[in-house]
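Here come two complexes built around chain A, the first alongside chain B, the second alongside chain C.
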Partner chain A sequence: MDLILTNGMNLVYAVATLALIALGLAVVFGLLGVMNMAHGEFVMLGAFSVYVTQEAGLPILAAVPLALGVCGIVGYCVEWSIVRHLYSRPFDTLLATWGLSILMRKIVEVSFGRDYKSIDQVLPGTVDLFGIAYPSYRLVLLAVIAGFFGLLFIWYRRSNTGARIKAMVSNPPLAAAVGIDTARLARMTFVFGVCTAGLAGVALAPLVRVEPYMGIDYLLSSFFILVVGGLGSLEGLLIGSTVIGGTDAVISTLFAKTSGYMAVLLISILFLWLRPDGLFSRR
Partner chain B sequence: MAYSRVASLLAFVLLLAVPALSGMFTAYQLGLYLIFGLVGQGIALCWGRAGFLPLGQALFFGIGAYIAGAALKGADGNVFMLVPLLAVAVAVPALLAALVGLLVFNRQIGSGPYFSLITLALTMLGFQLANSADTITGGFNGMTGIPGLPGIDSFGNLYFVIVGVLAVVSLGLYWLLKTPFGVLLSATAQNEERLQFFGFNTSALKAAAFGISAGLAGLAGALYAPHQGIVTPQSVGFLLSAEFVIWTAVGGRASIAGPVIGAVVIGFLASELRDAFRYWEAVIGLIFIVTVLKFPQGLVGLAGALPGWFSDAARRPSRRRDVAAPPHRSDDAPSLVFDSVGVRIGPVRILDGLSLRIDKPGIHAIIGPNGAGKTSAFNAMTGRLPLTAGNIAWHGHSLAGLKPYQVARRDISRKFQVPSVFADLTVDENLDIALWANRIGLAALFSMRPHAWRSDLFEALAERFVFLKDGGTTAGALSLGQRQMLDFSMTYLTEARLVLLDEPCAGLSTGETAQMIEAIAAINASIGSTAIIIEHDMRVVERLSDHVFVMHQGRLLAEGNIAAVRADPEVQAVYSGGTK
Partner chain C sequence: MDRRLFIKLAASTAAMSAVPAVGAALAADPIKVGVLLPQSGPGGLFGPSCENATNLAVAEINGAGGILGRMIEPIFADVGGPPSDANQAALKLWKGEKVDAFIGMHDSAVRGALTNLFKGQVPYIYTPVYEGGECAAGTYVLGETPAQQLEPVIPWMAANKGASKWYLIGNDYNWPRDTNTAAKGYIEASGGTIVGEEYLPFTADNFDSNLAKIKSSGADAVLITLVGGASVGFNRAFASFGLPDSVVRLGTLIEENTLAGIGAENSKNLYSSAGYFAAIDTPAATAFSKAYHGKFGADAAALNTLGESCYEGMKLLQALAEKAGSLDVADLENAADGTSYDGPRGRATMSERHVSRDVFLAEADGAGFKVVEVFPAVSAGKNCQ
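Coming up: the complex of A and B.
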């Protein structure tokens, strides 16, 4: 019973963090059609924000504004200088952001070194949860992610901005014709996307390895989630995270880590092959 | 052309002279960069020609290197064992890539990010496998103590082997790009869907290109193993994959020499600057971004400002055609049956129980107000729209669920309303592709003979549309009317039994329209095809067809000759704005 509960909690945790990581790419790729190959590098920037605040002797919460600031500024500049010229050229966007990811990795590597950074535990210790001891930080993180997604879901459905974004996604020229500043809206959507990636990096920094090359794994898992879940909806994002996170967790526990990775890869290829629009697509 | 051959020969001689001029150490370094350049040549084949980008090429490089390493260690100098094993080091990556390519491309038209990310994920997986399979790969520390090729000094004359392989591969690629296969790869990059409508299985073409590129990567890996004497998981990793792409981009993805130049230039710059300048690698990232945005042709493109350097951009005159294209069709009467065909997307009924039957050759017309479902009927027939009800049968075989290229292979040719030609290819190459459709076999794909193919219809068309004789012109440089006529000619050159023409006169001037009407009538009669033409212009319909279908709201409203259709009160009601 305890074992089931522990594994169940681990699974929920894995799915929640995956969904948080993939959210940024879901926004940027799903809504704007920009395959941001530097998505993982924005997660990396968030994680390094935690490292910087820790080295400066500040509490981890100070990393949140730092990550938002850094990712926001970098995202804004990138959208302005590169991405906005390439909205109708998805292949070139892929290439340019791939170059950007290299640039970001190298700059961080030169500034902070190639080695793994040790991040202090936050909220060390465990909480008693139905008879099992569960790490408190993970529990807090789960609550924060659930709250964040709940708010986002309601906001995207109810707010004017949400409606404008939907209008822009389904018909950009018409949206512009009825007075929506689509250029600005697209830029803000892009910045929002990379900022959530940065926040995911902050949240996960105490729990994962932090080094300049950490981003690639997050790019790939986010991409697989979108392949399985389909583009353009929060429900699809959660379903994709569940399939990918669940498969990885189950297969990795039963066999080895590489088997989990291979299973995820196979599922994604199968989806691309048989259901290219994903399980849950509005398009 | 001659200029570029001289330049290539000079470069080859210069490469051979490097050990004597700059010493063995430089040659050893250069050898490594040339090996990397081989991988880049494969990437350039996929990216610069076929238009899709493999991001995980190190996987195939690494597999080749590991297999070659194991072979060199196991064969222990026995050449008769070694040669087949080295062939395996090339074949395994090639077959693996072709398989992955088939699986992914089969469902994904175009060059979206999906394929690239799958290859990236595969290389990540390969890295993990190489790291964990200690017994085979030596794990994290790598496979060490790999001996050199028998009788060849890795620090000495192996360099000449590498240069030789590079020369052979470059010549092979030069030849490959000239074959019909190479032309079709370029066409795939420009308009994959149109190529499918000529009956070409573009996913198989792309998978073959990917397989060849992976074979090259495996070959490079097989040279790398004896060159370095060690193969580590880094040789499979994504960082090396990324560098391959950078070298290819910076050198020039559209040329054969470009990727090698990129690898050599960046390789030597890196070895000079790496220690002196900390931000060097960040600069490389920046150079890559600028290359992608501003100089897609890379260093070779910059040099290409000089006439004809390394690239064969020089225009050729129209070539001689003196080999009769093989005939391919039978002349029995057509039989096309739409049986209560329904197509719906969401709540919208696009086709709603469309039934019609064609069993006579000649020109049939479909008319109807906008939104009647005319083009959708074509789309349903040619694999662009899935049927939700009913069936479409052509000579007794259902067309439902077929892909566009499979429909085209059943002798159905289609022209879209918007002229769609392969804009970056010459007029000659465009016409070639149409002549090859349903006629070219696998062996002919890799021979030069199909370039000389001709047919009687080809000459009739060239007499009629004189600009077709100026075959060296780029198709994108033609006027709209000329592109319509080129597209029309290509559609008919397939000599398909059923030809679908969607508003062939759209966008033409009055004079051009008259010319086009005359051409449709004469050419269709000359080859005895069955044509279905969608048209709004009643004068065109009147001139061409005595069998008219009127469609309205996804259904057949009336059928008969033009006078009967005009007299039909229901048709009059629809066209005079009444509702039914």
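Coming up: the complex of A and C.
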């Protein structure tokens, strides 16, 4: 019973963190059609923000504005200088942001060194949850992620900006014709996407390894999620995270970690082959 | 600084730095040593400490008259990529630069490719921790083998830490698998049992299913052969579930960088077995660490068993060449058995192209190590079948 509960909690945690990590890529790829290969590097910037605030003796919450600031400024400059010229050329955005990812890793490596940075635990210790000991920080993180996605869902449904984004995505010339500043809206969407990646980095930094090359793992898992879930909707993102996180967790628990990873790869390949638009498609 | 002044300064600096090179060229030809280390890829973390340690050894050896009266000239090449790239890099140094010997600190896949390339025609010293079993002529191995890291250590863990039910977890390649094969024998001999064994792909960044299995297996000890980032992630998650209170961890490649990543709060009840730790406080090790930081600064790349092994590699080359009186593989082969030298790790004595030496067991003490036991002159075991 304890084992089922532990594995169940682990599954929920895996799905929630995957969705949080993939959100930024889903926004940028799904709404703007930009395959942002530097997505993981924005997660890395978020994690390094925690390292910087920790070294300055500040609490982890101080890393939130820092990460938003850094990712916002970098994202704004990248969109303005590179991405906006390539919106109709998806393959070129892939190459350009791939180069950008290398540059970002190298800059961080030169500034902070190649070695692993240790982030202090936040809320160390475990909480007794129906008889199992579960890390307290994870429980808080789960609540924060759930709240964040709830707000985002409502905002995207109800707000004017949400409606404008939907208009821009479905018919850019028409959206521009009715007076929507699509260039600015696209830039803000891009900045929003990379900022959520930065926030994911902040949230996960106390739990994972932090080093300049950490971003690559997050790009891969985010990509798998989008392949399965489809582009352009929060529902698809959550379904994709559940399928990918769930497959990995269940197969890894029943068999071994290698089998779990293989199953994730197989599912991704099958989806690319048989259902390239994913489970939830706006197309 | 104006541009003209800058150019003048740069030119004069370049001229000055060229002087010693000219001076050395007038003496006997230098011995060129190809130093193969990872400057990129997952092992790239260990490149800087290895390069520093090599340069320190070269400076010391050259300062004392060189090897066989010739100065040493290290030529570095990056072997952080796949074996085929490493082969190309080595070939360029061997046939292009005409290096006289190689020292390598890289993974075993690259070692396999290189021994095939060299075919015993050029001396090759392999320095890092590895799984054992290398027996090629002209290849001399310095690194800790599973026999050295585990044979004395597992009984110690059983006697002092009550380790009896072991869970083995490692990355999915030959070093962890071969290490665990050896470990099983030592665990059974110490009266313990294996309650689980698992290998993870390098991409793994979620260890929850493994931790759940460890917990339900009732293990009281975990043998960790995860490497680098995987070890950091696993150990952090391990601690966040409160497991260190009841389960002791032993790693055979938890060096100073990995421990720094794991962090002081997550390192309770964590042990590491290796031939070198920056925290060894013998006079030789202290002098080495002082010289290292004196030469490269207090914040130079942290000393660790892999980086330091490159210093040992140069020392072994010196000892071998001086005993054989040449750098010819045939002469080295005749002289190798019984060659010994003293380094930061203590005395190393060669037999069957491996060295027997002291092994240190260290306990993580916050973000640093504290040596708790020294096992003297441990044999590298049987490596030639």
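What we mean here is this: the second predicted complex is superposed on the first by the 281 of 283 C-alpha atoms of A that agree within 3 Å, B and C clash if a C-alpha of one lies under 4 Å from a C-alpha of the other, contacts with A are read in each partner's own complex, and residues count from 1 in each chain.
One rule holds in what follows: contacts are C-beta pairs under 8 Å (C-beta built on N, C-alpha and C of every residue); 3 or more make two chains touch, one makes a residue touch a chain.
In this text, all values refer to a predicted model and were calculated from it rather than measured experimentally.
Upon superposition of the two complexes on chain A, a steric clash is found between chain B and chain C. With both structures placed on the common chain, the touch criterion links A:98 to chain B but leaves chain C unconnected.
Residue contacts after overlaying the shared chain place A:139 against neither chain B nor chain C. Looking at the shared chain after the overlay, A:257 reaches both chain B and chain C. Of the two partner chains, neither chain B nor chain C is touched by A:62. In the superposition on chain A, A:90 contacts chain B only, with no contact to chain C. Once chain A of one complex is fitted onto chain A of the other, the partner contacts of A:273 are limited to chain B, with no touch recorded for chain C. Judged by the touch definition given at the top, the superposed model places A:220 against both chain B and chain C.
Overlaying the two complexes on chain A leaves one chain B stretch of 168-176, 222-230, 402-410 or 564-572 clashing with chain C, which is 222-230. On chain A, the patch touched by chain B and the patch touched by chain C overlap at residues 213, 217, 220, 256-258, 261. Listing the residues of chain A that touch chain C in their complex gives 3, 6-7, 10, 13-14, 114-121, 124-126, 133-135, 137-138, 207-211, 213-214, 217, 220, 248-249, 252-253, 256-258, 260-261.
For chain A in complex with chain B, the residues that touch the partner chain are 35, 82, 85, 90-92, 94-96, 98-100, 102-107, 109-110, 213, 216-217, 219-220, 223-224, 227, 256-258, 261-262, 265, 268-269, 272-274, 276. Per the touch definition, chain B reaches chain A in the complex via residues 51, 53, 55, 100, 103-104, 106-108, 111-114, 116-118, 120-122, 124-125, 128-129, 132, 238-239, 242, 245-246, 249, 278-279, 281-282, 284-286, 288-289, 292-293.
Within the complex formed with chain A, the residues of chain C that make contact are 44-45, 48, 172, 198-201, 203-206, 208-210, 212-213, 215-216, 229, 232-233, 236-237, 239-242, 257-258, 260-266, 301-302, 367.
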